[in-house]
Amino acid sequence: MNDFKLYAEANDWGLLVPEISLAFGALLLLCREALRKQGRESGGGLAFLLQGGLLVYFVARYLFFDPRPDSAGESAFNGMIQQSFPADVMRCFFLGCAFLTSLFANPGLRERRLPQAEFHALVSLAAASMMLLVQSNHFLMLFVSLETVAVCFYVLVSYHRGSPYSLEAGLKYLVFGALSSAILLFGIALLYGTAASWSGGTAPSDPLSFTMLEQFVAANSDSLAVRAGTAFVLAGLAFKLGAAPFQAWVPDVYQGAPTAVTAYLAVASKSAGFVVLFNLVTGPLFGLREFLIPLLSLVAIITILFGNLGALTQTNVKRLMGFSGVAHAGYLLVGIIAAIGMHPDVPEKSVFWAIVFYLLSYSLASYGVFGVMGVLAPTEDADQPRSLYSSLAQKQPFLAFTLAVGLGSLAGIPPLAGFIGKLLLFVVAFQAELYGLLAVMVMGVVIAIYYYFAWIRETVFPPLPSLDSSDKEPQVLWSPQFPSLLLACILGLLTLTTILLGFYQSSLGQSF
Amino acid sequence: MNEEILFYLFSTLMLFGGSAVVLSRNPVNAALYMILALVSLAVLFLTLDAFFLAALQVLVYAGAVMVLFLFVIMMLDVDLRERSRPNIMAAALGLVTTGAVVAILLTWVGEGSTIRPSVGSVPTPGNPLAFVTGSKAFGYALLTKYMLPIQVAGFLLLVAMVGAILLGRRTKLKSSEGKDGS
Amino acid sequence: MDGVLGIEEYLVVASILFCIGLLGVILRRNVLLILMCLELMLNAVNLALVAFARYSGNMDGVILTFFAITVAAAEVAIGLAILVALYRRRKSIFLQDLNLLGR
Amino acid sequence: MDVAWEMFLLKVFYGILALVAILTFAAYAVLAERKVSAWIQGRVGPNRTTLPIVGDIPILGPFLRSLGLFQPMADGLKFLFKEEMCPGQVNRFHYHLAPILALIPALSVLAVVPFGQYVASTGADPIPLVLADLDIGILLIFALSSLGVYGIVLAGWASNSKYPFLGGVRASAQMISFELAMGLSVLPVFLWVNEPGSIGGLNLARVVDWQDNGWGMIFVQPVSALVFLVALFAESNRLPFDMPESETDLVGGFHTEYGAFKFGLFFTAEYAHVIVGSAIFALLFLGGWHFLPGVEDPWPIGWSGAALSFLWFALKTFAMSFLFIWVRWTLPRFRYDQVMKLGWGKLLPLALGNLLLYAVLASWMG
């Protein structure tokens, strides 16, 4: 059984130190919770320490000790995963998201007296599996880690189990998620089946591996089964992205989920989906570019239009963020299309850099906005009409400023990071000669400015004095509180980074 | 010969069970038909020489998942019959989609092979991941090549367990009426 | 093997089952039944995977099926837990009654 | 007639034989239950029933009568000829389906249970006597026996009546809870049997072969045996775990609304479970058909040896069945929450720890 020995020896666990420590940290949290004495609250301190520490360790490791921007990517675990610099960047990114999510969620959990340790454990596990997801180089690994992420999110979305909103969102997310995973699996099965029984040429020994599928797909790009399989795989992934045809869950789930989880879902889960999609379309499915470009273009157009038009009429800001999240997924899809269909002299790296920068700016701004929303949330945080924010600038100028910067960045207002992100995407789309898509994108951005600004305006200007209630305050029940110092620092940091990235993004880009 | 009889008998049963799940109005009936479909599928696995999976299929699906379903159906003991008729638009959409899927597969099927390679029962050193009928191959594959996914799957089950416990626990929330213990 | 029973038969059966499941997901309004129909779809894919694996002599499809069964079980467990928790609040498991969001 | 066809007929013949045997055993297990309970309670037990001709033989007849050996026949006749009743409130289809669903899995498990060995005169390896010599034996047994719960659950639900319903719900929860511990408890056994270089697999006959020195697995893995035994009691719904039918709080549990032949089916299924469970325990932990510890198997070569090995195995099975009955009439019933706590809080960690211990041991021993 020598080959088995070879297989076993190829498992180099040292490569996955961050994931393993996150997972064991989660286990530690759960064990501590299980052994906890009755009546003693366990805070999230351990979780913050773990996630923040890992983040620092990881960033430091890549900045100072082991920078490998030019390595072609190392395959490990018998081809299950492939480590490369972009994947490492994304791993840091997910760690940061997990840290922010845990931090933002903690006050709400404490207030609602929900179990905290389990929440942080789930967030850590979701981050670990997303980190594995972006490294996966094998459809089996992709499926398993994707499902682990999904299951974590099913629980996280319905975490406010006393609230019917949260539970309903969780159920909807689960039904859509299970449907999309069935479709994804069907696509994988089709690809696997055609590759495994390939009669022309040598059939790949491991038909689920990306590397082996790449040759097969390139040679059979006109096969209907391969195309159908690809379409099914993409449809399954579209659920993660919140893109058409699986975008219908997004507004409902974003609204119902606990706010911190919404941010996590909007940023981390979506980014994981995009990186996987990028890996797929530039790797195993690259041979199908003639088929993929029109398909994805159609998806992108529908996604952008659905998101922006849907957001126009929303008065609930959480739903608005949901619709706008769909729109952002559409913009990012344009980046993906540019990656497939780009002009030969545009390096692939620059496209990836554009996508990553967009994700970064999107995550900074989203966490800023969702952070403010979490602070201001009433007891039922699914129920956030825009009027809740009226004249916030007078009551809490700091929060209002954070919100305004975040929204401005999301809308793509010039000096902020979001503007640069959009600009980079425009540039790559232009280089790839996707003029039609560019037009749709510009239209979407213009619409987006309208609804984001309606919200900013609400926060700055006091509401119109109503005629009949002269001496009664409209919001007697609600007074915004200033967040804890830690949270305020983090929010300030996010805002600052959003502004600074708008000016100094080029030095970051050179490291790619 | 035997295989063919088994195949046709049980695929008919499976498809019947599946359609009955979709059509039945009573959830308990649906669960029973579901069990029929799942067990028939296990027999189809047997005709494909996947003995281990067949046993696993019955054990996991019929033995655990469907018991869970029945348990929940009984726990929610209310009138679970559907009140509204399914809408026609959705039905039309479904028919079109499913028709497309079948068409695609049938087109591909024209290229399908009818010859099964002969297989042994234990994995061979030369080609350790070739299809074999024995259950040992699973152990070797899962613990060597697929060690990482199996660990991830373990965490997946952990998450499911934690989640089910969390969500299923009786709530001690401020919103719930009075103070209910346990 | 005599080769009388080809892979086509298995694939046709699998795809029909998949479509039945999909139709069920689209048509039914009872979340319990929707979950069951999702299981049907996953099972159909499993059958296709095992058939592919058997006819190509490659083990990976069977392993993937193993994982698919695991995932399906986990999904059902979570789904039923959410369903029960939701039922305690809303006293209904029909899609048309799950309409709090988006009002 | 070709060989395949002959083999097929042979298997069918074996199958019918096994069915007849298990049904007879089940019937006499009922008698044993009554006799043992009577003995434990200081009574005599059934000793009146007699047959016209056999019972008239001078000395033998009264002796057999006092043993109650004719009682099962009378019971069987009673089940057959009682009036078939169907309560008005029940869900008719499921009500009739339930007993059938309860009996089928209990009987079909037999297909993979080996019950003896045949040693050919040429000195070849002994062949286990089993209907289907499958690689996945124990897994199939678990799979099939896990289907047995549907009969109970369905009976409880279809009866459309409070107590049977509670019984059905309890049965499903209990089944899921203990199946896990049961599965985990046999893993160390197969870990031991599948030592490097062996043929391996999950076959029950392999486990028995491993124990061919006569020392049962119970000496190697006592904890596994204990957990398996407890889970076996719970899975076959025997006291002290007979939550689904505990007559003091649920009248008759899931079969409250059943009578006559349908009740007979449930009854048979329960005892079939007991016997098959005892057989599996004997196979896994008591050395199957191998003789006493440290003693070479005295079975002669050929069919007579096969018969002897079968008888010895049957003896072990009966001893185990006796244990089942003994426990039932000795121990009080648990409370329902205690049963669940035992399953999840005690047995599962115990089984897990045991598995870990043996896994570490196995890797340490190489």
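To keep things simple, chains are lettered A, B, C and D as they appear, and every chain counts its residues starting from 1.
Please note the rule applied: a contact is a pair of C-beta atoms (placed from the backbone, for glycine too) under 8 Å apart; a residue touches a chain by one contact, two chains touch by 3 or more.
This structure is a prediction, so every number in the text was calculated from the model and none was measured.
Trainee: Distance from the CA centroid of chain A to that of chain D, rounded to the nearest Å?
Mentor: Centre-to-centre distance between chain A and chain D: 53 Å.
Trainee: Can you work out the whole-Å distance between the CA centroids of chain A and chain C?
Mentor: Between these chains, centre-to-centre, one finds 26 Å.
Trainee: Taking each chain's centre as its mean C-alpha position, how far apart are chain C and chain D in Å?
Mentor: 34
Trainee: I need the residues of chain B touching at least two other chains; which ones are they?
Mentor: In chain B, the residues touching two or more other chains are 56, 64, 68, 75, 105, 108, 112-113, 129, 146, 149, 153, 156, 159-160, 163, 166-167, 171.
Trainee: Can you list the residues of chain D that touch 2 or more other chains?
Mentor: In chain D, no residue touches at least two other chains, as defined above.
Trainee: Give the residues of chain A that touch two or more other chains, as numbers and ranges in rising order.
Mentor: 140, 144, 147, 151, 154-155, 158, 161-162, 167, 190, 197, 205-206
Trainee: Is the way these chains touch best called a line, a ring, a star, complete, or other?
Mentor: other
Trainee: Who touches whom among the chains?
Mentor: Every touching chain pair, ordered by label, is A-B, A-C, B-C, B-D.
Trainee: Residues of chain D touching chain B in their complex?
Mentor: The touching residues are 94, 97, 134-136, 139-140, 142-144, 146-147, 149-150, 153-154, 156-157, 165, 168-169, 172-173, 175-176, 179, 194, 199-202.
Trainee: What residues of chain A sit close enough to touch chain B in their complex?
Mentor: So the residues of chain A in touch with chain B come to 1-5, 7-8, 11, 16, 23, 30, 77-78, 80-81, 112-113, 115, 118, 121-122, 125, 128-129, 132, 140-141, 144-145, 147-148, 151-152, 154-155, 158-159, 161-163, 167, 190, 194, 197, 205-206, 223-225, 228.
Trainee: For the complex, give me every residue of chain B touching chain C.
Mentor: Within the complex, chain B touches chain C at residues 3-4, 7, 11, 14-15, 18-19, 21-22, 27, 30-31, 34, 37-38, 41, 44-45, 47-50, 53, 56-57, 60-61, 64-65, 68-69, 72-73, 75-76, 78, 80, 82-84, 86, 90-91, 93-95, 97-99, 101-102, 105-106, 108-109, 112-119, 129-132, 137-138, 141-142, 146, 149, 153, 156-157, 159-161, 163-164, 166-168, 171.
Trainee: Touching chain D in the complex: which residues of chain B?
Mentor: On the chain B side, the touching residues are 28, 32, 35, 39, 42, 51-52, 54-56, 58-59, 62-64, 66-68, 70-71, 74-75, 77, 121-122, 133-136.
Trainee: Per the contact definition, I'd like the list of chain C residues that touch chain B in the complex.
Mentor: 1, 3-13, 15-24, 26-30, 32-33, 35-37, 39-40, 43, 46-47, 50-51, 53-60, 62-63, 65-67, 69-78, 80-85, 87-88, 91, 93-94, 96
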